[in-house]
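Look for chain A in each of the two complexes below; its partner is chain B in the first and chain C in the second.
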Partner chain A sequence: MCTLRLTKEKLFFMLTDKVANGGVSMWSELLQENFFDEFQIEGISLEYNEIYLELAPENLSRALKTAHNAKSVKIKLTKKHCPCITIAVELPSLSSISRVVTHDIPVELISRRLWNDFREPSVPDFDVSIYLPPLKTVKNVLDRMRNLCHVLVLEANMNGEMNLKIDTDLVSVSTHFRDLGNPPFREGTSRHFQGQDQDPESLTEVKVDIRKFQQFLAGQQVNPDKAICNIASKRMIHIILLHEDVSLQYFIPAIL
Partner chain B sequence: MKCVVAGSNVKVLGKAVHSLSRIGDELYFEPVESGLALRTVNLSRSAYACFLFNPLFFQQYDAEAPKEDSQFRCKIAMKSVQTIFKSLSTLEKTVEKCRIDLNLERSRLVFQLLCKYGITKTHKLSFQECESLQAVFAKEECVAILKAQPKLLVDTVMNFPATLEEVNVTVTGERVLFRNHLEEEQDITKLMVTEMSLAADEFDHFEAQEDISITFCLKELRGLLSFAESSGLPINIYFNDPGRPVIFSLDDPVLEVNFVLATLSDEDTRPHEHTVSGAKKRCPPQADTANSTFLSDDIDAYMIEMETTGLEEKQELPADMPSCSTERGTHHALDCFQENSGSDTESEEDIPGTPPQKKFRSLFFGSVLSPASRGPDQTLLNQEVLAEASDEDEAPK
Partner chain C sequence: MPLSSQAEAGDEQYVLIASLDNVRNISNILKAIQFKDHATFLATSNGIKVTVEDSKCLQANAFIQADIFQEFIIKEDSVMFRVNMTVLLDCLSIFGSSAVPGMTTALRMCYSGYGFPLTLFLEEGGVVTVCKIKTQEPEETLDFDFCSTNVVNKVILQSDSLREAFSELDMTSEVMQITMSPDKPFFRLSTFGNSGSTHCDYPKDSDMMEIFQCTQTQTNRYKISLLKPSTKALALSCKVSVRTDNRGFLSLQYMIRNDDGQICFVEYYCCPDEEMAEEEP
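Now for the complex of A and B:
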């Protein structure tokens, strides 16, 4: 289940950090005006003009798949047999009257007092921040490593170098990337950066479950312009995808 | 018996086998004068399919029985036939001819694929002689007749998940509505409900005397659709009240295809449909069939249901009989099945129009219910009942 938060300007899709899900969490933001011609929202009050709801993301993606050559798509919050997101798709037809497909996706509304549980996850204090190589390349490398070992060692430094490694009794494999570049720090982000004083050549390493990393890569339908990877040694990797319409953050916990 | 299929028709035959394999585990193979009939029925007897290939379909066709007095017919394992026609692209690219021969000495049905470069692939299949499998249905009696290009239905079905078991079709006024059927035990607060609405003029032919809503299995229909799509033949759909079978058919000068699928009956329409089929009494379509309750696909229930239906139809219950308040409806198994043997087969081909009342033979019990020998108070008890009737499934008194 994922949480959808609607506000006047933005849509948020969130997967919250639950141990049962393996501790992976996700946060994505979409600017409403980039997607919709018309957008109306009426929250519970003027002060809290927002809606929080929970839905099965696979339902949403399946419903929207049927709409790929649609003339128009309308998304509404409706009250059917239960609260639903109704997606009404107008498809071209052989006659003058359009074909209409509607999908009612059951949702659960989240009451006002639980809203605080869904705040943007705080950016961890990280040791290294680096741009990721093209995600397709990373995926190809990991798909092969996965057959050998389930623990991925990711190490990087502030000199644009990154290594993806696995280590077993029989084999050690390492893939090196260089000249990746490190994102410049803007006001506000530098306070999370702990590695100011360290040698830019020294590598910070973190171990993660290779399958969790793969899941993130498999889900990439948006091809991001840039992907930033922040490494918090022994705690997590924090990946930020930058795209003109969408921003997506992904948190993968470390294996100690 | 001997026949030869040549050229692109081999692929058509292969597609037919693929389509049949979606339904049953056994392929009923019956060469008759009017052509080669390939039939199957599913395990729960709720779906039946027949492909009748006209002699003109073949390069050479000879239905002559090996022994003069008897008609040859058999059933073969669907899996083995599937293997022969497994790869449609190979069939198209390399196979030039397919020869089907009967080797009586060895009791084998021999399929030979004559391929390019002089390669011949021979499959010798064991078979079991059997009775003729026939469903009797009357397309003419149907009150709703639709005709659509396969693309229309393929595009419609595409909107539903592959895992969906049953779909509900409602014809109302100038529209046709498709929606997923929800089982009673399914949690509707978790399931996505999809509905598609098509305008009547998207159909090549649209004839519905009144509003009707039926529910049937999607899996078998998908089989037919893939065949129809590749052959480009328009699909004719014939149906009646809920509980009576829906018939999908394709017509071509050299080929006739009929798929007969059971539909769910529901509590409100049940008493009426048990009256004689000639008396077209109907109750208004349900406003919301999704809420009506159904029994799950329980084979035992099918069996009982079928048997009782047979009795009732024979008894011609008065139309004003007290409506039975069974709590749930069930899938009507196709109550028009016959498994005939011997001489009366030819007279009862599954030609559309054969009245289902002629004789009721149960495929499950192998018994013949002749109307004359059955008093109105005769019940299931003097039959070998394979599954106990529960209260809910008891025939209306």
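Now for the complex of A and C:
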């Protein structure tokens, strides 16, 4: 299940893996005006003009698949047997009357008092912030490393260098990336950045579950312009995928 | 950093150094003999022989000649070690196993001698991966004593034709029977499975038959389970030589052309199935 938050300006998709306590969480932000011609929202009150709801993301993506060559798509929050996101897809046809396909996706509304649970995840102070290499290369390397080991050691410094490493009884593998560049301080969440006074060559290390780290690679579907990796030593990896219309953030907890 | 420390130490420490512009030229050959976890490497000035064995009945050898490598340095008469094949192949394909045009992974393989790991340096698009694979005590490999003077029958075929036959053979059969004879049916592959028997005959004047040298009629059975791994080599090869000796031992030699057009050989030796052997006078 994922949470969708709607405001006047933005749409947010959120995923928090609370059950596993400290699992991977994801946060994505979409500017409403980049996607819709018309957008109306009526929240609880003028003061809290927002809607929070929970839905199964695969239902949404399945419904939107039929909208591939649609003339128009209308998405509404409706009350049928239960609250639903109703997607009305107007498909072209040979006659002058177009066909309309309607999907109802059941959703659960989240009451006002729980909204606080869905605030933007707090971002810890980072030791290193670095641009990621092409995600396809990272994916290939991780696919192999995963066959050999479950724990990935990620190291990076402020000199544009990053290493992906595994170590087992049978084999040790380390992949070295250079000249990746480090984002300027303003970008992303570098307001939390604290690594400014350290030696640019010194490596900050974090251990994560390879499978959890691989999950963010599904984000390469949005074909990001930039991918930034922030490392909080021994705490977490924070990955930001930036694209014109979308930003995706992943929070991957460290293994100690 | 491991890379810089390696460079400082220099190459003197290594007894074996082998470099290759395109790692696929070696990983493909190794895949052709990957049916067990472990492989024994034997390097001499001629190149590297990689051996994989199963149940003391089957042996596969891949020969990677020294001239396949752009750099091949060996400081001892022979260097031998054993490594985990699955791990090695994962390491060799760290940048992906599919061929991307214009993108090749370069490999430098180094070994310092007994007790040291096998070190691989792989590079693609400026990204470097260093792998250190633990080596193990090399085990004595089997000597099948397959000598060309004892060869009774020999055929060389285009691999295409044998691939087709293998794909149609009934793999539910426990054995495959190979008949080679100077007279009809010349070269016959038979299986005896749940749904009946299959025979696949090759006339000696077939276009697919490059060489046909059979001196006496011989029928031997081989366990399908032992022959199955050889289909990996068959899939990659362009020609195959099938030979049997006077004891009924089978030798399959596959000629494999790599991305750069160089030729490598993979060889399988297989014992005949005993039951059949006992029936013979």
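Note that the second predicted complex is superposed on the first by the 246 of 256 C-alpha atoms of A that agree within 3 Å, B and C clash if a C-alpha of one lies under 4 Å from a C-alpha of the other, contacts with A are read in each partner's own complex, and residues count from 1 in each chain.
Throughout what follows, a contact is a pair of C-beta atoms (placed from the backbone, for glycine too) under 8 Å apart; a residue touches a chain by one contact, two chains touch by 3 or more.
In this text, all values refer to a predicted model and were calculated from it rather than measured experimentally.
Participant: Touch check for A:Ser202: first (chain B), second (chain C), both, or neither?
Facilitator: In the superposed model, A:Ser202 contacts neither chain B nor chain C.
Participant: Taking the superposition on A as described, I'd like to know which of chain B and chain C A:Ser172 touches: first, second, both or neither.
Facilitator: second
Participant: With the two structures laid over each other on chain A, which partner does A:Thr66 touch: chain B (first), chain C (second), both, or neither?
Facilitator: first
Participant: Could you look at A:Leu94 and tell me whether it touches chain B, chain C, both or neither (first, second, both, neither)?
Facilitator: A:Leu94: touches chain B, not chain C.
Participant: Check whether A:His103 is in contact with chain B, with chain C, with both or with neither, and answer first, second, both or neither.
Facilitator: Touch partner of A:His103: chain B, not chain C.
Participant: Using the superposition described at the top, list the residues of chain A that contact chain B and also contact chain C.
Facilitator: none
Participant: Enumerate the contact residues on chain A facing chain C in the complex.
Facilitator: Chain A residues touching chain C: 133, 137, 140-141, 143-145, 147-148, 169-179.
Participant: Within their complex, state which residues of chain C touch chain A.
Facilitator: Residues 1-3, 84, 86-87, 90-91, 93-96, 124-134 of chain C touch chain A in their complex.
Participant: Contact residues on chain B for chain A in the complex?
Facilitator: Residue positions touching the partner: 152, 155, 158-159, 161, 188-199, 201-202.
Participant: What does chain A use to touch chain B in their complex?
Facilitator: Those in contact with chain B are residues 56, 59, 62-63, 66, 80-82, 84, 91, 93-97, 99-106.
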